[in-house]
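To start, I am sharing the structure in question, which I have written as structure tokens.
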Amino acid sequence: MKLGILRTPARTILPISQKVIKKLSDLGAEVVIEKPESSVNWEESLIQNSAPYVSREEILKTADILLSVGYSELESVNARYWISEFQPFNQPDITGKLDAMGITGLSLDMIPRISRAQSMDVLSSMASIAGYKAVLQAADLLPRYFPMMITAAGSIRPARVLVIGAGVAGLQAIATARRLGGVVEAFDTRSAVKEEVESLGGKFVEVEGATDRSDSGGYAVEQSEDYKKRQQEKLAERASGADVIITTAQLRGKPAPKIITEEVISNMPPGAVIVDLAASTGGNTIYTENNKLVAIEGISIIGDSYLADSMPQTASELYANNAFNFMELIVKEKEIQLDLDDEIISNAKING
Amino acid sequence: MKLGILRTPARTILPISQKVIKKLSDLGAEVVIEKPESSVNWEESLIQNSAPYVSREEILKTADILLSVGYSELESVNARYWISEFQPFNQPDITGKLDAMGITGLSLDMIPRISRAQSMDVLSSMASIAGYKAVLQAADLLPRYFPMMITAAGSIRPARVLVIGAGVAGLQAIATARRLGGVVEAFDTRSAVKEEVESLGGKFVEVEGATDRSDSGGYAVEQSEDYKKRQQEKLAERASGADVIITTAQLRGKPAPKIITEEVISNMPPGAVIVDLAASTGGNTIYTENNKLVAIEGISIIGDSYLADSMPQTASELYANNAFNFMELIVKEKEIQLDLDDEIISNAKING
Amino acid sequence: MEAFNLFVSNHIIEIYVLLLAIFLGFELISRVPTVLHTPLMSGTNAISGVVTLGGVILVRSADSADYLALGLGSLSIVLGMINVVGGYAVTDRMLKMFKKEKK
Amino acid sequence: MEAFNLFVSNHIIEIYVLLLAIFLGFELISRVPTVLHTPLMSGTNAISGVVTLGGVILVRSADSADYLALGLGSLSIVLGMINVVGGYAVTDRMLKMFKKEKK
Amino acid sequence: MTGIVSILYMVAVFCFAIGIRMLRQPKSAKQGNLISLAGMLIGIVGALIQPLGEVDNNYIWIAAAMLLGTMIGWPLAQKVKMTAMPQLVAMFNGLGGASATTLGIVELMKVSAETPGGSIAVSILALIIGGISFTGSVLAYLKLEGTLRKQWVVPMHNFWNLLILVGMVVIGAIMVVQGSVNIPLLLGLVVLALFYGVFFVFPIGGADMPVVISLLNSLTGLSAAAAGAIYDNKTMLIGGILVGASGTILTLLMCQAMNRSLWNVILAGKFKAGSGAGGGTDQVMKEITKPDAAILLQYSKNVIVIPGYGLAVSQAQKTVKELDDLLNSMDVEVKYAIHPVAGRMPGHMNVLLAEADVPYEKLLDLDDANAALKDTDVVLIIGANDVVNPSANDDPSSPIYGMPILNATDAKHIIVMKRGRGTGYSGIENPLFFHDKTQLYFGDAKASLQEITEELKENA
Amino acid sequence: MTGIVSILYMVAVFCFAIGIRMLRQPKSAKQGNLISLAGMLIGIVGALIQPLGEVDNNYIWIAAAMLLGTMIGWPLAQKVKMTAMPQLVAMFNGLGGASATTLGIVELMKVSAETPGGSIAVSILALIIGGISFTGSVLAYLKLEGTLRKQWVVPMHNFWNLLILVGMVVIGAIMVVQGSVNIPLLLGLVVLALFYGVFFVFPIGGADMPVVISLLNSLTGLSAAAAGAIYDNKTMLIGGILVGASGTILTLLMCQAMNRSLWNVILAGKFKAGSGAGGGTDQVMKEITKPDAAILLQYSKNVIVIPGYGLAVSQAQKTVKELDDLLNSMDVEVKYAIHPVAGRMPGHMNVLLAEADVPYEKLLDLDDANAALKDTDVVLIIGANDVVNPSANDDPSSPIYGMPILNATDAKHIIVMKRGRGTGYSGIENPLFFHDKTQLYFGDAKASLQEITEELKENA
């Protein structure tokens, strides 16, 4: 059984690591990796020459299973299974494309968020990194200190950080911003989040009347117009003092809610920074452009949903572990056997 | 009395702030600021339109005193005094140039490090920022997490940080790296530093036999060859596990000691980051290039002595406060009167 | 009143002993960690085996032909002795649990 | 040996009283918060003013013409009484400090 | 001789007092028991050599009886299982009471015209109190053994109660006043006393037996004191009184520890026992008290802390570090087992513990922790639930089935800190909380940790 | 009558015992003192009505003496300043001892051929012990008042010590054996006893006086007990013994609280006292004890903490936060005054306090702090030195002249925590430490803070 690791254009993460290669060989799988265009320093640490680099064509021709971090167009593939993050909610035509290729897509981002599947949850591990990096980038871009400083040259008040959407990424952002000494407020529509925010030392901003559905598997649902209005007002108020805003609000299969309006931005002090992790689904601000830094009225807006890519070594390791944990579930006796009674597998299988 | 604020090429900091403009007007000084080439978002916050922008020529023609963060060639100046950071130790010909211009240079970096002068100590306030930013930039560049993480997708050990030279910048770097969750070791030739490092939760790496002269006013002195060898060995050992090295070792009026050798670097894991704050005096690594990011054997080396420039708003505020505190000392009855019995003033005055 | 005065005067010192002993008994127990409740109960219970002393004195004073007194007296010694021996031994075993074996 | 036996036999109960009282005295003080050390010292000091009782008995038994005994006895009452009154009063004042006036 | 004996007796008394005092702290308890034993031996020697005038001594009988008593008592104490100790203590206590009763009977049989009223009275007291203690203790034994599970209440229990007491007082008064004793009266007294013991203990539930035993223990002490009065023996008198008094306080302390009044325990017929019984299930959560938890931690050689979301909610990270430091100073090794999904975000526990400056070396990940747990004395679970839920291992119907967990049950003791009966993120019951080894400490985690820390500082 | 008096006396004894017991907890202490007072009144009534046979009674004298004693004692107790209470207690204690001595003298003067040796012996005891306690207490009073600051040690102190003791024993023995007393011997005894008190206390430093007073207090108790033996008065006897015994334990506890042995205190002559006396200067640093520091903090309405480099060195940031929380729960407001150059890098204190989660709102910068200090009850300086050095304001020759500082002296009380006499970064002396308002608490900052926190928890 040969596992081919494909690179995904514009992504730095490689869903494999030396440790996983070893574990896979115990499972009976041999790993080949698509040759990089140029060598990357951290990749040596990651792979440590434990699997050969081969050309993309060769992988497509010889591999039995493909593994990548995202979709890219392929021609004539030999493999029958392709494990990746296909995001079928955002790319509804993906199943058709896979069908056309005659390959079965196993989408890691479709794995249900049940306890047992946490070790395969790429959304969590990548979001966690993104939350961390969002704060680092904001702190680097901000023209002032995060922590409070009382010094001989003057006293600096701590930076105020507002986190919108306290999911995995948001919570990690709260934790990181607090570590750096920022004063953190956070805000979410799910009510359980209040306690979670407080458990990290953040302050929760309450907006009354949120819709919170427990049957949505931990994902947020769309909110009423009335609620959105109240949220706007509250936000405009809180944002006026914020030096950094980190937004992570996403809705499954829908464009991200536009939470940061023109009014909110005009309330922010010049030099402030917004990091929008929801950029790939449209962004939480009206100005967000995916993978771009835009400056509006003195405010910098970083739009990036793939911030994990800026920490590629760890991100690759974690991604590889997630993918391996999933493969361990589907590989039986050196072959892929999909047990469709298992909700993890049935959810991950998006076509074929 | 008219104070002209000059911009220094390649520097972002402006040595003035709205607060200081107000205080200066109480002192009887009117402030004019050199027009920026293009507007900068944070500058609005800093100045808040409390002083007019005028052209450079006009400042040179009308101002009685000049204030800038660094030296730049000027022709035909009206002013009799120029307050700046002239770094006469690194630019020995500076006095001659100032003499030629017929202007008296008051160099803020020459102010002795006595308690009373701490509020004018631009070296400290800028170094503090540099130490903070050095860690942020290293963390952003590092392909892995700083903090330890035990997650469903795998366990990540904390990043190891080695700080060389625990002066103002080094201490701030230690504090910031510890905040982010890194494991920090630090190293210095001055013996007092051990306790200081530990007072921030860092571990001190001991190399025996350092020369430590108390008459050097808090600045380090050059070390013996024997010591340098022992330091090399110890460092090579500690560096082999370090993900981040931050170097700040400087000697007054001498090129910075080359502490990070080829051997040390070859011991570091690929992907590791070195931030060299001693870059402007030659750097502490043999590869450092000032204001450049170089990559050697998988290691990124950021050479930047002016990291404070990357946090311009706060840096400008603090610089302005420092400069003001100095001016308060020399301005008497709306005029500059240099009391050369005051060691602060006599040290600051480098010519004329 | 006379009788009372007489009794109190004659026995005042014994009354002191009694009251002091009671007071002391109360004072001896205070803030005992709960885990020690049972050992403490067991330990004091062993002390109440002091009744054996009475048996000993009884048997010693008895006529060596008075088998009823001898028999009952010996019975009381047996019973009391079980209380004493068993009581102290079991307390000791309970307390052994508090020895922390060092690695 | 005889004398010893006699003494012990005659005074055994007094000895019990003494020893029990000493034991009780020890037991009474244990785990006193440091702030209470001084009040406690002051409070027990007031009790040692009980020596006044001796003065009272002395003066009562003295011949009403024996001015030396009366004088010294009264002196001891005065001294003891200062100890009693002052001791209790000052202890009470110390203990009042534990009432915190709320702002 | 008399002098020496008097002194022996006195030494015995103070050995008892000192012994009891030392029994009150774990450190000195064992030695205290030995000192008290020494007192007992000294007392027995005193009784053996005390000058009694011209008597037959009958040392053979005495030696035989003592030997017999020792041969019965010793093996019983050695063989009993740890868990059966309380009932054995009850049994021993009963025998002590029986011993006093026997003495009372013999002395009453000896009563003659010259016997002073006081002597008759103390003999009667020894008989009655000893008798009550005897049957009461035997019943307590049976209840604890589980042989007797019933507990009934006679209608008008208090009335009958009073009646028997009055009956005993009346018979006693007759004997004292008459200055003589006849067999029917004596028999009647014995029967009433024995019956009263049964009557007293029967209605009380098995769970309350420890308190009852402590109460009966203090009665036995009093009966020994009464017997001491018969023979004018100070050791018996004062020793008995010490036991009576300290036993009473101990009884009250035990009630307090159960959060009940003594009254409530004795009249327990009405209330059902088992205060910690599970809501719907018939399983029981066992609670642990503050001093017990503290001692358990202090006397262990290593502790593994399993932090969970509850630790974060109560922001107890610094408090747990403080406890850790304290335990370290007591030579207890403390580590932390970090479950990968503990808390609500990846690395949640790491963030908290780093904030509290817990050294990274003390953190164990899942695999290391599960290896270490096998050799761990106490595992302290702080606001964690799902991550230690064994149904993830063995209950395929559980929503968390298949998730790897921290195997807390591998450790010797388990202490769980949580606020109440709340479930975790997954909302399911956790069988671990009903496990044999598990003891719960309820309350906000931070407050709970502070309480234990305080307690430990006091013990130190 | 005898019966009633005996019972009154007995009640008095147990009132004393119960009173002492209750004095041991803050909550019941006040009431305990009243119960003990009640015991005293009952005892006095007993002494007044006790049948003594045909005696003159002289109630007039007694009434007059009691009135006089009351009129002296009461106003003294009412007027004394809080801080002067310990010396007043010493004085009272001395008078109690003097009273016993007087009784002893009178009784010895009455000695005749019929007087049993035992009576003579107890009279001698009352005289000696009371006498020692008297002069010792008066000396302690003077030392505490500050009237007497010297402390000298005679060469061969122990030898003389022993000699006086032997002298007293010899004289006493002569009296008992002779069965008679003559004036020179009596005088000699009195003089020796009084002198011994002085000799005993003189070498001990003022800071150790509380311990000495406690020891003398227990001596006074014993002298009262001896006097009780003279009159066969159980209240005096047992009451005195209770005081003697509990006083002894209390003395030991006080030594323990100071982390010294009793021995070390008594033999302190060798060690220099006033362990905080200025090195080269003749100014004196005043030390503050743990309980005083705790009470000062607890009973203030607001506290400002001034942290410095020492806080960082001892890594006490979390401990100070704990103290802060505790004080908050006691309704004391705590803020932090952050000097711009405190520590060794810009923002050093900020980093530390943020790590301990001190809310930013509690941090005051130089200007705000100096404004707030004017209305502050206690300022707690933790390991800061240069940043509170007033010579920066008023000594132009100082190397730190001109640096703005935190004006700690504006607050009502100043507590400084540092390890010893170390200077700060600038290496210069700090006159603040010798300021009237300043009290020093020596030790590593973290340990010191922990100690105070513990103490506060006990008070709470």
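When the chains are written out, they are named A, B, C, D, E and F in that same order, and each has its own residue count from 1.
By definition in this document, a contact is a pair of C-beta atoms (placed from the backbone, for glycine too) under 8 Å apart; a residue touches a chain by one contact, two chains touch by 3 or more.
Going by UniProt, the chains are A, B, C, D = proton-translocating NAD(P)(+) transhydrogenase.
Quick caveat: nothing in here was measured; it's all calculated off a predicted structure.
Common neighbours of subunit A and subunit F, listed by label, are B, E.
Over half of the residue numbers at the interface between copies subunit C and subunit D are found on both sides, making the touching surfaces mostly the same. Simply put, of C-F and B-F, more C-beta pairs touch at B-F. With chains reduced to the mean position of their C-alpha atoms, the one farthest from subunit D is A.
Taking each chain's centre as the mean of its CA atoms, B is the chain most distant from subunit C. Distance between chain centres (mean CA atoms), subunit C to subunit E: 19 Å. Centre-to-centre separation of subunit C and subunit D, using mean CA positions: 33 Å.
Centroid to centroid, with C-alpha atoms defining each point, subunit B and subunit D lie 74 Å apart. Centres computed as Cα averages put subunit A at a distance of 37 Å from subunit B. Residue numbers of subunit F whose C-beta contacts span two or more other chains: 17, 21, 234, 238, 340-341, 346-347, 351, 354-355, 357.
Contact of a single residue of subunit D with at least two other chains is seen at positions 16-17, 20-21, 23-24, 27-28, 31. Under the contact definition stated at the top, the residues of subunit B that touch 2 or more other chains are 118-119, 124-125, 128, 147, 149, 151-153, 179, 181, 201.
Chains touching one another form the pairs A-B, A-E, A-F, B-E, B-F, C-D, C-E, C-F, D-E, D-F, E-F. The touching residues of subunit E, counted against subunit C in their complex, run 12, 16-17, 19-21, 23-26, 29-30, 32-34, 36-37, 39-40, 43-44, 46-48, 50, 52, 55-59, 61-62, 64-66, 68-70, 72-74, 76-78, 80, 82, 85-86, 88-89, 92-93, 95-96, 98-100, 102-103, 105-107, 109-110, 130, 210, 213-214, 217-218, 220-221, 223-224, 227-228, 230-231, 233-236, 238-250, 253-254, 257, 289, 291-292, 294-296, 299-301, 331, 459. Within the complex, the subunit E residues that touch subunit F are 318, 321-322, 355-357, 454, 457. Subunit F contributes residues 309, 312-313, 315, 340-341, 343-348, 351, 354-355, 386, 392, 399-404, 425-426 to its touches with subunit B in the complex.
Residues 1, 4-9, 12, 15-16, 19-20, 23, 27 of subunit C touch subunit F in their complex. Put simply, subunit D touches subunit F in their complex at residues 17-18, 21-26, 28-64, 68-70, 72-98, 100, 102-103.
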